[in-house]
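Just below sit the structures, each encoded as structure tokens.
First subunit A sits with subunit B, and in the next complex the same chain sits with subunit C.
And then the complex of A and B:
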């Protein structure tokens, strides 16, 4: 009897929850004249802050431009993928088939976006990847475009800067072999650095703190004064903490998004990475454009914080997408939106002009920033 | 006397699967079809893990590892010959001309996972309880590390994407029937009773002549075979396999299905797999509308806690419900034929 009561309660609870959820969705689907844009990203799980920060940028862009040129209201439908390909795929299918969105903005990692490539082609739906930078994302993928420069360019810039400007001959490269972003950047950096006559010594970030400390001490013995760390903030903080215990203080060079995550998650540890350099799409010491200023003001007003690089990416991605939709005669025509997105020319973003070529690759400036007394400062801008 | 009810139920299941898959493929949109396919794959995973965890009492956390082995094997065997030089330029020479249709590739994927299970079983199955759980978790981590580092074959953490979308509801439905039928036959065979005896009291079972190692290894191998097949179906449904997909979280989700359904109950695993897969999807609108993301996972964890408190043996215990089995209520090593 007790068993059946429990089963009955679970059944009733499940049906109620399902009914509530599904009913809400139905109601949403039939409301007014609006253009729907799907947003997929890690809204929960370990990368939650990443997704939430980006979403704040998207919402700010929509506050700045709540309607299309023809007056249609813009509605975003956000789906959580926890940075997992299986959830991203289900989210994409739901957005396209059930919600009938005109286009998708995705804030997930490169491997997740790559896993959607075949499906995006079949569904003929434009996907704008605002955070992923792997070059394969736009390779033979006619419906996925990128907002940022790709890793090939980013690693080459980092490599040439270290070689030509910092005059380094030997660099230690720390690789996280479980991370596509890290692996690709490290390989590209090593290849470019070697082509200019430099030498790299690889060490792994995956073997635990003791092994990592031993590897760092080995680099110290080898008199390596530069460390390329294309890693997530968590790993970089660990390295910084380990280095803090020693008298070895090499200059660290990170990749895009690193400093943003450091500011978001590791404010108190920023002193450990004083002087660290990183390639980034934005810089806080360069004067923003009109668009950038308006967006920053709105962001500050809405969220009472100055906003992060990720929020800027979300905002720029949304504004570029809206501009592409506006240029289409039929604003739910996915093929047209894709074509217009890939013919974006000189869109004035936060700090400069952004163009997207017919292959979906972005052309935009890249900055090298440094952490200076717990604040970010721009060192150089590369076009 | 043995009841004919299971045979009727099997016939009904086959008929239902045929009608259901044909019907839904003609009427539903891609999203619904994907959800149905994922539900079927979860049924295969939960039922096959039940053979290992439920029948033989081996607390294995390594199911996603076997799934990964099957998934990658199937993906490599079906990978388009035109894409191979582009995606896998460093593929070993002997693997370049290898190409199989989907069905044989799935079987090879399943068999390879089973073979690995046999080998792993030789050392791991000497352990029991928590030690076995830790060892199988270690195996899962080893597989992930290998997949991340074998760049020439697996493309490292990037994974293999651009796979052909072979998996559909019919494929999944077919494998669901095969999995349920096979596991059912095993459960109600002398081998199944041996497994249960080993689970209840291994020393007593051994003294009665049950070969402990063979019985345990067989349970692990059968579970691994179907996990491998599920991996192949999964990879060709989402058209990509990445090392990060086969994680401990996935292991946790499958174990929750088995525990909630009842460790040892096939009907329970099927029911729990359906409820959990659909529940997560139906929480999506709730998440969208109220902005509470991850609520599905919270509810699932709560249900697990409630089940463990109020009904530790799960929804159906170790047995099958009367409407399926006819006369049998509960299976134990001593009842039945």
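And then the complex of A and C:
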């Protein structure tokens, strides 16, 4: 009996030693080399919260993974573009030519990223757009990739959800003609809705409050019960206030990032949009994946600000970029990083799998959320 | 005629000195001569030779001394109890009030009472030998104190060997093991009287002995429960032996201390005998002299719950086991019934064939009522319960016979169902059959509960009719019939899964019934752990595939719950996908869904849908979809 006990103890001890050895072998020692990643986003100006929130996500991802698999340290260089195209172009040039970054994460709007298209082609540097969704961003451009689904997908899903699930026949669509993102979403929504036999009534958000009010009253008379509002948070708040005045309560459907901006910038007006729907890449009522849980814990430990979808986008974008860099033999090889980024398959993000195809477009589920007493609640998930 | 004596001697100790003057001034005109005990001791003859009546007041030792003199000099005796002498007051029915006590002590109508001598010392109340948990307490002990003391003593209890000899009308010798024994001159008004019949008196010529022998922790707790709930019953509880005899001799292999009325009284052996009508005593009115429930001189030997015979070597000198054990003699009827159950017979074979035929038809018809009928007919439960008892007691005969009976029944069932299937041109796969092809841990739990119920019902005649319900719950024959159908269809998967369900039920019942019998105290005196170990090994072997199957069920439930309604955007079309059903057949996982769409779906759309499902959901699923178009 004693012999068996001794053998058992030796066996357990051997297994423990081997296990410890294996564990140690997995970890790479820090080599002292570093890889630079440029970050461009609105770090000041009216969209400062947007940029700061996204940057917190990037920092959280780097806390989770501070080095590459070969032990190289990851260094980020942040440039502020105030969500303006000219500043973004300057920042891009500086990062590529002066700082020699291996890749860039951009947190700016679709308009800004679209303005970088020509420069990106020339500089041949992989740019990962983590917040912009315009489909043209990746059109005819082999160096800009997107983390989020594009506007074509999101507007189509919104349109078909209203048509096929809410069974709407007629929808009012409010367009901000000065905003490329808004214009594209609205057009795609109308096109898809019309293709299924529905009718859309367009109104403009750019002709002042009085005319907007008149347009809304017209929709009320027309008994339109659904409003598609692919607009910035500021416009949506204005519309919500006008609807409140007229005692007109159609179901509003917004686009990505809207609810996050409402939560960040318009806390006091949230009651006006209670019950409003919006397409979004995330939902707070869906159980996160292991990655999502770890990231949330780390975020809460590191920052006192609330975690937003923008922070989640920053974190996911960084993790996907690091994964692409890790798969390259030479970790400053921009061409390889770009290729690897565009062959991301089934990366497990916050709420599910993300793939990026060879055209730089992301495939991921989309959520339609509702604002429910200041919180986002998932209504449907569309794969 | 006066009720009181004309004169009396008052013998007192230091404690009773204060009463000397008071009793001298008694209202009955009795002439009192107060004498301290110390004086009497120096010249007893002078004071006692011609004395007719004595009143005594002092500690128990003084009272006993005076009682000895009373026997010797034949004077009658009265007591003035000290306020602390509650046992004396209770035993002899003495008044607590001094005036009344004086009146009683001086009366001239004493009664002849028995006296018990233990090792030649007068036993006034009780004598104890060994540790006597729960029973040896003052008459009015609080329940909390009882509970605490009972639990404390739980860890120090051992059963010690005793030889008890009684002589009277029935001479007997009994070898047993017990924690300890309590001997009473008269058990009435003692704590132990809660456990025994109230038929003792000071004039029946008998002394009583309570033997405390809890043979397991379980029976100790049962005794504790009875004492704490204060249930008075005419039956002596388990763990207690009760003897009434004119002469009891108690021997132990060890020299155990004997305490007589709380005072050390030497070591074992102890010899106690009754001297009938030994003393004339003035006692109170409520003293039981001739108990109506027992004729004078009626001896008793209630020793059936004491370890005897084969049980003795197991019990004595050992720490008390947790579960009760028993020799076969204790449960003769049960063992006779179980041996009958283990015997193969024609009725069993016929019933087995008939129930299998009924089950096979019921399964093919997908009729649960016909299958229930087959369950009711099924005679397999009885030999399985007998097998469980055989395993517990390692009764090779019972084990062999019950195993052979089960094996025969299983063989017959498989053959019958297989032949019926082979001969039938119609071989459907019904829901009732499918339901028996995916046994899980839940089935094992059902079997275990049914096994417990089976053993429990078998142990108590009054609930034996519940066995049919238990048989239904476990359903032994339908899985066997399904396995037989599998043989008939030459389908190994079919056979193996249905037979696994039967094995699950079988092992579950056997294990649970074995353990239940053990808890209920049917373990053999000489216990053999081999049988139980084999069953446990079988259980582990059966549990592995069952656990895997259970995981499959939970996965399926989680998948289906998570799915509820999903939406897919496929090539510009919006699909609402609902009613997901995941079926695992062998290694294949088939997902059946219902798709709601407004546009016509092409082959390309369905391929893209399949790709998205496979991408976003675990496992390699085979997808089957039912399409519904929303107009």
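By our rule, the second predicted complex is superposed on the first by the 349 of 383 C-alpha atoms of A that agree within 3 Å, B and C clash if a C-alpha of one lies under 4 Å from a C-alpha of the other, contacts with A are read in each partner's own complex, and residues count from 1 in each chain.
Here is the rule we go by: a contact is a pair of C-beta atoms (placed from the backbone, for glycine too) under 8 Å apart; a residue touches a chain by one contact, two chains touch by 3 or more.
The model shown is predicted, which means the values in this text are computed figures rather than measured ones.
Look at A:100: by the touch rule set out above, it reaches neither subunit B nor subunit C. By the document's definition of touching, of the two partners only subunit B reaches A:84; subunit C does not. Touch criterion met: A:156 reaches subunit C, while subunit B stays clear of it.
Once the two complexes are overlaid on the shared chain, A:380 sits against subunit C while remaining clear of subunit B. In the superposition on chain A, A:122 makes contact with subunit B only, not with subunit C. Once the two complexes are overlaid on the shared chain, A:136 sits against subunit B while remaining clear of subunit C. Looking at the superposition, the partner that touches the larger set of subunit A residues, subunit B or subunit C, turns out to be B. Look at A:293: by the touch rule set out above, it reaches neither subunit B nor subunit C.
Applying the stated contact rule after C-alpha superposition, one finds that A:164 touches subunit C and leaves subunit B untouched.
Every residue of subunit C that touches subunit A in the complex is listed here, in rising order: 565-569, 572-574, 576, 598-599, 612-613, 615-616, 630.
Put simply, subunit A touches subunit C in their complex at residues 153, 156-157, 160-161, 163-165, 192, 196, 346, 352-353, 355, 365-366, 380-383. Those residues of subunit A that touch subunit B in the shared complex are 2-3, 6-7, 10, 14, 17-18, 20-22, 24-25, 28, 43-45, 48, 77-80, 82, 84-86, 89-91, 93-94, 96-98, 110-111, 114-115, 117-119, 122-123, 134, 136, 177-180, 183-184, 206. If you check the complex, the residues on subunit B that touch subunit A are 29-32, 34-35, 38, 144-145, 148-149, 156-159, 161-163, 165, 234, 238-240, 242-245, 275, 278-279, 281-289, 291, 293-294, 297, 299, 303, 306, 310-311, 315.
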